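Two complexes are shown next, each including chain A; its partner changes from chain B in the first to chain C in the second.
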Partner chain A sequence: MAVIYIDNVPYEVKAGKNLLEACLSLGFDLPYFCWHPAMGSVGACRQCAVKLFKDDQDTKGRLVMSCMESVRDNLYCSIEDTTAKAFRSQVIEWLMTNHPHDCAVCDEGGSCHLQDMTVMTGHAYRRFNYKKRTYNNQYLGPLINHEMNRCIQCYRCVRFYKDYAGGKDLDVFAAHNNVYFGRATDGVLENEFSGNLAEVCPTGVFTDKTLKEHYTRKWDLTMAPSICQHCSLGCNIIAGERYGELRQITNRYNGDVNGYFICDRGRFGYEYVNSLNRIQHPLIRSHVPEAVNRETLFDHLKPLLSGKVIGVGSPRASLESNFALRQLVGENQFFSGVPETTAEMMEIILSVFNTGDVRIPSMKETEEADVVLILGEDLNNSAPRLALSVRQAVRNNPVEVANTINIPAWHDAALRELVQSEKGDCFIAYPVITKLDELASGTYYISPDEIARLGYAIANFLDPQASAVPDLQGNMQGHAVLIGNSLQKAKNPLIVTGVSLQNPSIIKAAAAIAAALGEGDRKAMLAVVVPDCNSMGLAMMNAPSILNSTALSTIGSPDTLIILENDLFSISQEAQISEILDRSTNIIVLDHLHNPTSARADIVIPVGTFSEADGTLVNNEGRAQAYFQVYMPKNENLRESWRWLSDLKNLRDGTTDANNVTPHDLIRQLADKMPQFTGADQAMPTADLRIKDQKIPREPHRYSGRTAMNANLDVSEPKPPSDPDTPLSFTMEGYKGLQPAPLNSFFWSPGWNSNQSVHKYQMEVGGALYGGNPGVRLFNHINPGDRSYMNGIPPRFKPDKENWEMLPLPHLFGSEALSSLSKGIAELSPQPYVAINSMDAESLNVDEGSILQVIIEGVQYELPVKIKPELPARTAGLPYNLQELTGIKWPAHGQLVKG
Partner chain B sequence: MLRVTETEHVDFSSELLSKFGEIVKRYPEGKHKAALLPILHLVQAEYGWLSPASMERVAGYLDLKPIEVYEVATFYTMFFLRPQGKYVLEVCRTGPCCLVGAEKIMEHLENKLGVKEGEVTADGQFSWRGVECLAACGMGPVLQIGPEYTFHENLTSESVDQLLVDLKNKDLSI
Partner chain C sequence: MESLSNRKKVLEQKPMNFWERLYLPAIFQGMAITFKHMFKKKETIFYPEVEREFSENWRGMHSLKRDEQGRERCTACGLCALSCPAEAITMIAAERQKGEEHLYREEKYAAVYEINMLRCIFCGLCEEACPKEAIYLDGPIVPANYLRKDFIYGKDKLVEDPINIESPVAGN
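Let's turn to the complex of A and B:
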């Protein structure tokens, strides 16, 4: 700690920070542009000037940029000094000379850092009477809008895009008064994190193009804290609504999970909520008309619930909904709706996590790794935000030198100069080239079985007691020794693996490496990528997969099959799913979108998406996190799955709940029933939580038009909907102070309208939110000694001429079904293809683009060839879960025939 | 702003390429991006300006993305991103020179040559532009003429006319 004097008042602050961070952490309002809490300082914009004094006797002082000044004991500075203030207002004035007067029609207006800073410094009158500099804008794709005239040259965009996220196609051109930030030519931004430009840019140069389709100012949105639904990492987001339509997703800071950034799939994948394909009414297929009201539905359902009822849970439904289904059908009738191999892999992951042999890192902790080994994952496409963390981790080793020469960690300009292209060790084993390969010191393009064998060989090198791998291919032992040595020397090694390649041995091998690396304090980190937003939560409920053969034999022929938020036809072959559905007399589907499974249902019940429901999800590291309903849909049928299922239970049992069942009640019951969920109830606050007797508002206090916005329907202002389920209110009324971190509906602070206000919610800049980052880590129940997961080294991969190994290759856009319904994401999704290597293409006598018939278990696909020279022989990559390619049972083998 | 529209193919002579090779050798392995500036100078000396196609070719030579070359080339004002005349008249347009009539000199040049700033005369001989301080504030207005960078002080409309005549004659005498 250090004592610094700001305007002669002593404050105790953390040493090692820069003065700007210290001032902001202490609650001072000091304007800045180029500094960013995640990206450090470059001292470019000159906006954060303060007066620095030699000692308490010095009255003259000198102006310094606070972001470039290390905090040290006995530092005397002044924020209020008149020269410093004048300097700051001059900087704004000159930045504003060319800035257009278009706030009223600018998307950023009302949540604009430049606006806030201009007001803060008091620059209110433009003295610049000349012609402003203007630029041509570029087309940057369907997701991001470009408006260069607004630029104030803070360089944050390129620093984020190039330096932080590794983008190659956005750059800065020219100099002086003509600086231009953009691409070389018009075109779609290629980086997975381009959407963050909208938040990183302090003004309206880069804005969310999907928001433009239904534009609303930040202050007019009804917002709620939410969790991204589009992969397993559980990034925290804020979802905003107006007029019953979900309109915007922004990042919600969580120091342990996503920090300041989310990926484009998460930011732009929300449009399915507004889809015309939503199920709007309960449907009884045998009824005329099909759409029925709730009473008819319940009358019809009552007799169906008393016989043998089987429930199929979902990896994309909340714990509450899955648990409510389990309560309805009973423990032994509850199955998980995940493919068999995925279920097997999840079981292995759970057993590894339960042993306590490995450290399960949060995403923040993965950024602290110094050596990274990735086994069988293409992170940019399967868990993108984690790829961004790995990108930061590989800098840790070279950055270490900085400590020895007194370069502080926040000094980005100096660090980038020092590190240049130096990288720490990172090894990637995956069948094809991945984007992270550019960081890797070793890449191994091998088949899934060989990846597992390489992993086992590394484990054997690290711990000779681990089983040796027989019949190792070529130089594989040499590679294993190289990787093993590097991991052994590492202070904080990280192993990343996952289910993408649908090969259980890979997970086992990764776990074996992590376990072999160290015990106690030296435990290695094992990060695992799982398929869906609640795959982990569902797996922890220990329900067998509905596709499992033993499960099938216990099902027999049920009277009723209830399928929760799950399109079974997308996870396995049509024949297999049809066989299961055909067993049941009645099929009830609860879902929010029509899909092939709901088309087969006898009864369809519409449910709310994440924006119309509350719930809890467990992410890939076993962190239970709550998401909250954003708005009350006009359509009363769109209710939470757990509410429908609780009603159905009451209907069958002839009971009524004395009180409204809340998500917290359900989670508490779940934790009581299953000790593995102990603590999960802490993630979802009780509905009666009040702060100073008030609920927490979902709407900013400037929310406008509520007396008029529905006047076309009813001139009297309707009673606002109430929320009996959570401590949040659907209006702007409520507690205006700092909310508990899990209930931050939006980040706002007086004078800070943009998302830069997040530092007002942090205990220190870049640190935890007040009250701790949201989410509760489960997996405290250690089951040591059980290392059965270590067994099962697969035999050497043998290319088979007749039976090709099919590899599911995930894509950021296209592989996740819900996000693919967003217009922009659909546009950027790949066309179906089959990838083979050059030699295989030659032997099949096909070229890039020729049509191949791919036959998997009797199902034939006609796909154009994509040559990926690095693919192992006799393996064929297919884009995973693309709309045209759903319903493949992975892992898959098949035949390739020239069409 | 750079406009990347042309796609014509540029082939560097083997002589030029061997010069590139000499330059690349100056830098440690893996840091060959450092050779970019001197190589761009060579390309400009050869072609008179940096066409997008030639920059792309340089990018290929140094294993960079073309955008990395554009970034550098657009930053420095002495790289020409449009074809220039044989003689580039660069008039100082900084404060002191403006006070003694630099703007009038530029206006005179524009009328005399019949081309706007940065453009080339039809005969390909001349182009002109304003530049930042040429460090001769006591002798303004001043201009310099590339590519030899001869220096001319205390300019008047007449002396500029004479200069243009001299340059034309010099050209004929060769």
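Let's turn to the complex of A and C:
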């Protein structure tokens, strides 16, 4: 702690910060551009000038950039000093000389940091009457729009893209008054985090191109706090709607999870919500016409629910929905709709987490690691936001030197100068090259079984009591010793693994390493990537997989099969799924989009997507986080799955709920029934929570057009929809002050219209939100002892001439079914291919691009060859879960025949 | 209770006398006034055939302006809707495509622009807020109508007629 004097008033602030951060944390409005809470200071824009005095006697003082000044005890400075104020307003006037002043047509207008800062400094009139310099804009792909004329040269974009996210293709060109931020040539931005440019850029140079299709100002959006549905990390997002259409996804700060950034899949993958392929009405296939109303549906369903009913839960449905289904069908009739191997891997993950042998890191904590070992994951494609964290983690070791030579942690320019390309240790074992390989001190392109064996060898090196790996390949022991030594020396080692390669042994091996590393209270971090947004939540319900053979025998031939938000045909082979579906007399599917499973259903019930429903998800670290309905769909058939299922339960039992069932009620019941969910009910607030007797608005107070926007439907202005499920209201009325962190519908503060206003919601800049970051960590109940994961070393991988090992290779764009329905993402998804190494290609006598027939359990695919020289022999990589390649039962083996 | 202002006048109702109770004098008095008006200038006009002269700061129906080349000035920035105290304006923005430069002045335009005239209070804040001089309340009185839906004014009713603007240019 240090005491500083701002305009002669003493304040106690945290030491180790810079003056700008301290001032902002104290609530002062100080303009800035180049400084970013996650990226530190470079002192480039000269905007945050304050006057600094030598001591309390000094009256003259000198101007300094507050972002480049360390906080120290007895620091005297003035924000209100006239020279400082004049300096700040002159700087902005000068920055604005070339700015086109096109706010009226700019997408950033209304949520623009430059607008806010211009108003803040009082620059209101343009005195510069000369020609402005103009640029040609570039095509940067279907996701990001480029408008260089608006640039004020703060350098944030390249600092984020190149320095923070490791992008290669965005740079700064030319000099002086002609500085240009862009690519060398037109083309799609390659980095997975390019969408953040729209938020990092203080003005409208980089904007969300998908928003342009249905442009809406920030003040006109109905927004709600939400959770990204496109991978298992559970990044916090804000989803915005207008005219009944989901229009924009932006980052929602959560200091423990995603911080300031999300990946492009999460930001741009929302368009399926507006898809024409949405199920709009309840359908009864045997009924003419198929589309029916609710009464007919319930009449038809009533007899079907009394027989033997089996429920299939979904890893992409909320805890509430899965629990409502479990309540409807009963514990023993509830199965999880995940492939058998996934279920097995999830079981291992849960048992490891429950032993307490490892520390489950939050994404923030992974950034603090100093040595990273990645076993069998291509993070940039399977859990992109985690890759960004790992990228920061490898800097920790070299940055440590900075402390010894007095460079503060926020001084980005000096740190980068000091660190150069030096990196901490990072080891990656994966069959093909990944984007993180450039950071790695060791990369091992080996088959999944070999990855597991390498992992076990490391565990054995660290803890000789762990079982030794027999028949270890030549240099493997050397690698294991190298990695083991580095991990042993590490202060805060991180092991990352996951389910991508569909190999349970890898997860066991990773757990064995983490357990061997831990001593007493100092446990090693083990981060695990799981398949879907609620895979962890579903797995914690301990329901067996529907594809499990023992499960199948208990199912027998049910009267009714209820499938919740799941396309079963995408998770396993068509024949296997058909066999299960054929057993049942009636199939009920609840989903939001038509898919092969809903095509097979006898009864289809339309449900709301994440933007039309409330729910709770459990992410890969076991953090329960709530997402909230953004808007009330015009079509009242689109209801939450849990509401339909609760209705069906009442229908069967002949009961009625005295009160409206709220998601909080369901979660509380869930936590009562299953102790492993204790605490999850804290994540979803009760519906009757009020602040000063008011609900929390989903709309900014400037929301416009309320009496006009629905006038084409009903000029008599119906009552706005009410929300009995949550403390949020669908209107702009409600409590305007600081909300509880999980209920932040949007970030706004007087004078701070852009997302930079988030610091007004943080206890200190870059720290936790007021009231703590949202989300509740589960896995508090540990039952130590079970170390069965230490065993199960797979035999050495032997290349098989006939039977190729198929490797599922995830892709950022394409491997997740829902996001792939967005136009931009579909455009960037890879075409199907089969990857083999050059030797194998030679032996098959094929070249890059020639067609190979891939036969997996009798199903034949014709795919062009892609040569990846690093692939292990007799393994073939297939893009995972691509639309054309769904329905493969992983792990898979197959034959490759020249076609 | 004492009057607060001390200016209260207590009125008393006197009983009518005989003449007053006849009512006839009062009737003739009234008729005289009526007759006098027959020879005075008429206070009423035959609206809508005849219209009153509006003052210069009269605020009537909105019109969306075009520039001197006949292009729509509105860029759908949303400031009119934002400033509207009755929340009666809504719009959908669209990007100008190549080849539409003669239709729209800037890169964006309002694909849909609607004012709910039942809600509008003709305060003129939209006019004041507009950074593009695109909306003015310089039209006539908004006419009466039979159906509520006919009070939703879209671009068809609001956008200035292009001919009015182009004709003086053609005349030059």
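Keep in mind that, in the parts below, the second predicted complex is superposed on the first by the 899 of 899 C-alpha atoms of A that agree within 3 Å, B and C clash if a C-alpha of one lies under 4 Å from a C-alpha of the other, contacts with A are read in each partner's own complex, and residues count from 1 in each chain.
Just so we're on the same page, a contact is a pair of C-beta atoms (placed from the backbone, for glycine too) under 8 Å apart; a residue touches a chain by one contact, two chains touch by 3 or more.
Since the structure is predicted, the reported quantities are computational estimates derived from the model, not experimental observations.
A.B. asks: Given the superposition on chain A, which partner contacts more residues in chain A: chain B or chain C?
C.D. replies: Touching more residues of chain A than the other partner does is C.
A.B. asks: Check the residue A:Tyr135 against both partner chains and state whether it touches chain B (first), chain C (second), both, or neither.
C.D. replies: first
A.B. asks: When the two structures are overlaid on chain A, which partner does A:Arg652 contact: first (chain B), second (chain C), both, or neither?
C.D. replies: neither
A.B. asks: Quick check for you: in the superposed arrangement, does A:Asn178 touch first (chain B), second (chain C), both or neither?
C.D. replies: A:Asn178 sits against chain B, while chain C stays out of touch.
A.B. asks: When the two structures are overlaid on chain A, which partner does A:Lys212 contact: first (chain B), second (chain C), both, or neither?
C.D. replies: Only chain C is touched by A:Lys212; chain B is not.
A.B. asks: Considering only the touch criterion stated at the top, classify A:Lys364 as touching first (chain B), second (chain C), both, or neither.
C.D. replies: A:Lys364: touches no partner chain.
A.B. asks: Of the partners chain B and chain C, which touch A:Lys85 in the superposed model: first, second, both, neither?
C.D. replies: neither
A.B. asks: Just to be sure I read the superposition right, which of the two partners does A:Cys103 touch: chain B = first, chain C = second, or both, or neither?
C.D. replies: Second partner only, chain C.
A.B. asks: Which residues of chain A touch chain C in their complex?
C.D. replies: Residues of chain A touching chain C: 102-105, 109-110, 212, 214-217, 219-220, 243, 702, 704-709, 711-712, 715-716.
A.B. asks: In the complex formed with chain A, which residues of chain C make contact?
C.D. replies: 75-79, 81-82, 84, 86-95, 106-108, 114-116, 118-119, 131-132, 148-149, 151-152
A.B. asks: Show me the residue ranges of chain B that touch chain A in the complex, using the header's touch definition.
C.D. replies: 1-2, 4, 30-31, 65-68, 70-71, 74-77
A.B. asks: Flag every residue of chain A that touches chain B in the complex, lowest number first.
C.D. replies: Touching chain B: residues 135-136, 168-169, 171-175, 178, 180, 182-185, 420-421 of chain A.
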